[in-house]
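What follows is a pair of complexes built around chain A, which joins chain B in one and chain C in the other.
Presenting the complex of A and B:
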């Protein structure tokens, strides 16, 4: 487990800021202690300092996971966010998309959010803006394979679109860590569209 | 050009060659079903006679049975207990599919049946009559006859099995009223002599004798059963009757039959009926009384209800229940002992795939898995270790109790299963955890000083047979012993990882999902002996107390603070939970134990050393190292005992040693040998602390030696006899004296 290098930190923060903007410092300085990011086996873990101290006791080969995994660096040093980061990013998300109850299930099982399913959306959502999807009860939705979506169409444009079935939020493909793929999902979402 | 295909002579063949051969299920079945659809056969003269006789005996019409006669029975001697079933019976009903052919053939042969078969049939019929006398265990016969009878009843309509059974029951009851004082509960096991008084035919009597033979199993009967497929119903009834007899043994036993015979038959039947191996049945019979055993085995056949645990980090039970109900799940709170548990009765959506599940609002977890965490009750801000955490249910429960504060170290020896821990921890939003992949036994070295430790030890799984029926046949004596050994190592490692001086904790919870005493009470008892821990209340107010004694073993009386849970009494998986508190961080040495033991049992000490002196022999010659160094020290008390045994004043009995030694008590040599070793050590050891002690040992050793020398000419007792190997290690007299002088010089020098 080691701290992130500058380059890695930059890459990661860039990605994060797409969703939460400048609120990154809220992630680091929290009221209940300082949190930090550490790299282990190409994965970035978000842990508090108390755990960090104890975790140094565990040898590198034996350590599997610490705190929360935010994402990982690929072989070409690109950063992928994981579902597991959702809980931390959701409170600070800048652009949100609310989904109607009917569309909730569909989104959860991997479908894109169609315009017909859109409940609310933050203003001025640009095209290809990273958004976080919520249910109407303000619960951040976790979809397989990934909850992190982006808007292929900007807000202004979408208002003009008549067809209700226009795809509004495309799921950014990602590695799912904990929910097994539902058996009825046949399609695979768009692979790694890089933001 | 081979085949002569003459179009003029070509015969049209219709459906293909193969399709002709296999006409399909309907045609096959038709062969068997036609007999049932035919009109009732005309009775032969014999049948009519028999019917008349029966009417006399039972005073009720039984004509309907006779129609079915031809179908019943076999030509061999098994006819009284082996009954073919009709096609219409359910598949589950035993052995009759392969008998159907023979049955069918038999029908064809019906007209040609010999006298023997008639007799067989005779017995069959009387078997029905016999049912009136006492509820015979010949369940197959009973059912068959009732089925045969009920096929077309007096009203000409087909009866359902339950209706047939009801009619049978009614008839039986009427019959019971007619006869004098026959006990319904008596079965074949009871002597039938009493029944002879009743007015019965010889045929009935003959049948009773046949029933009698049932319990005198004899080798032929068992062999018969071993070869032929036995009706499971027969076995089941036999089990029930056997248990009944065993429960009221004095009254219901058959004369001359020992309890062991009934028990051995019961064991065999249980293994067959429930598909257990003999080892496991034996073990279970030791743990449970016979009637409870049946409940336990039955409970293992069905699944426990599905339960979930609300993740209070993300939601409340109320809200979750509401959300799930909206999805179409039928659920209920688990019980008043849990505030986070919900039991699922049925559901229209898969419970493991709801959005709430994916959002981490709940976790699928067995009810019994709540218990160890509730017993441990980790507090906020504590450092907790979960030594065997996969798949992570208990770890996440602990995290939610701690409200994501403190630190949880989730360890598991299996890297594969750790992935599920990772997944669950992330899904449920646990942030204060570390997941690692050590063997639990290494733990105090990796990290120690935990406030609380949870050890859900790997076990034989005899409590979760309903989840994994393979356990029934795969567990063996060696498995249990290996597991017990591993569990003992793990519990010691766990205890060593706890910090006794922790301000809020110092607790360890040991739990297994097994009901075997070797894995539960024995392991905890071992821990109590080996470390400074004590048992405390688990805080679980339900569940059976743990055993304080079992067969020949005696455990510490505080074992009754541990709790056992059974599937048949608590409707959760079999479980064992024990909560230990560590009250001191020091590891008790074996010397302390020795002293304690020796004061009470001096003779035992002598014997023990005598016994183990053999092991000592070879090793002594080889190694003049630390182990030897320690020997004289622990040897001291024993030496003193020896001197007392020899009638000399014991020296320094009370000397306590603080050597953190391994078990050296058993390796102490006897008499002269000990003295020699002591001397040798005294000669070689120059460590300060040791030297003094060794010197004193030497003096004692000398006295012992002298005393031994004095008695050398006396016949040595068994305890003092040495093996040839050992005697070779003895020093010569001169050498001995030289060393003695050396030591005296050293003493003087000091």
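Presenting the complex of A and C:
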């Protein structure tokens, strides 16, 4: 486990800012405690200081995960967000898309959100803007295989689309379809510290 | 009768007493030899044969034994005593008499297989020393140091100074250093067909400690965010264009409304996607703005029906 280098922090922040914009500083600088990002086995974890200090007592090989996993760095040092980051991104999301109840399940199983399934959408959503999808009950949704979505057509354009079935939210697929669902089964000897 | 018997008894008693209080000094012709360590006394006096025959044999031997024992005990008491738990104990010296062996002496152990083999082959044990006096290297090092001092440069590292015997690691390191010591820092140096790329050259990556200074880490991240924000253009071109287009749309629609409905309905040109309706949100952001606007202005009132339906 180690802190992120400057380059890695920059890459991660750039990815996060696509979804939460300048609200990242609320993650970095929290009034209710010191939270920090740590890298372990190429995965970035968001942990509170107390948990971090406890986690240092576990050896590297035996430590499975700490705190919340925000995502991981690939071999070519690209940052991929994981669904476990949703809890922290959803409240700070700048652009939101609400999905009608009918389309909810379809979205959860991996289909794109069509215009017919769109309940609400925040104003001024730009094209290719990173958005967080919500159900009508304001529950943030994330589908597998791809946790986060982006809007291929801007808000303005979508208003004038003729067909109701235009794709409005393309799921940003970030893993191959053959990867296992996000609830990983881990095969390490177990000792995980989770908030 | 009684008197006689009494006298006899008294006499006997006196005799007994006398015997008991026999002097502890014993006269002997030759002194005894003592080995107190073994509690032994050697008496080398001659035995008087006549005396031996006169007395009863038993008595003679007993008195002899008694005398010698007395002398032995006298000798024992000469040594230092100590008291151990209400008992007076004498510290015995070392025994002087050499006692013979109890068990037979040990046989020499048979030689091991290696020992036999070594003897057969004539192999002798050689001890290897760790350090070898290296005349050449020492000279070389001193010579380079002198040069360095004269020219005020640093002495090159291990493996680069010529020595008599160089290990493979030294040689490989020398090769790697030589390869990098070109004008373009070894970028255009070809490798031999089977030569592998050198690994672990350069410094090891150093990371910040896991539990470092949290506030400084936070500050660094906030600074990074600030820099990232500053790099983003303040004027988002897309947004500006879209905003402008929206303004135009509103103006157009307002103008159309004022002009009236019937006229608008009759005309109905719909010039494709680009100018769709009154140039509303034409196409993709960048290119669309100008095109849409131009289309819209050209169209004016016609095509209002479709547009209205959309809204």
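In this section, the second predicted complex is superposed on the first by the 171 of 195 C-alpha atoms of A that agree within 3 Å, B and C clash if a C-alpha of one lies under 4 Å from a C-alpha of the other, contacts with A are read in each partner's own complex, and residues count from 1 in each chain.
Simple rule for what comes next: a residue touches a chain if its C-beta (ideal position, glycine included) is under 8 Å from a C-beta of that chain, and two chains touch if they have at least 3 such contacts.
Predicted model, so just to flag it, every value in this text is computed and none were measured.
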Exercise. Between chain B and chain C, positioned on chain A by superposition, is the outcome a clash or a fit?
Worked result: fit
Exercise. Does the superposition put A:1 against chain B (first), chain C (second), both, or neither?
Worked result: second
For this session: State whether A:139 touches chain B only (first), chain C only (second), both chains, or neither.
Result: first
For this session: Pick one for A:48: touches chain B only (first), chain C only (second), both, or neither.
Result: first
For this session: Tell me which partner A:77 touches in the superposition: chain B (first), chain C (second), both or neither.
Result: neither
Problem set entry | Minimum C-alpha spacing, chains overlaid - chain B and chain C, in Å | 10
Exercise. If you lay the two complexes on top of each other, which residues of chain A touch chain B in one and chain C in the other?
Worked result: none
Seminar exercise, completed: chain A contacts chain C in the complex at 1-3, 5-6, 9-10, 13-14, 17, 22, 24-25, 28-29, 34, 36, 38, 49, 52-53, 56, 124, 126-127, 154, 156-157, 159-160, 162
Seminar exercise, completed: Residue positions on chain B within touch of chain A in the complex are 353, 355, 357-359, 383, 407, 409, 415, 418, 421-427, 429, 431-438, 446-447
Seminar exercise, completed: In the complex, the residues of chain A that touch chain B are 46-48, 50-51, 54-55, 57-59, 62-69, 83-84, 87, 104-105, 108, 139, 141-142, 144, 177-179, 182
Exercise. Touching chain A in the complex: which residues of chain C?
Worked result: 207-212, 214, 217-218, 220-222, 224-225, 228-229, 236, 238-239, 242, 245-246, 276-277, 280-281, 284-285, 310
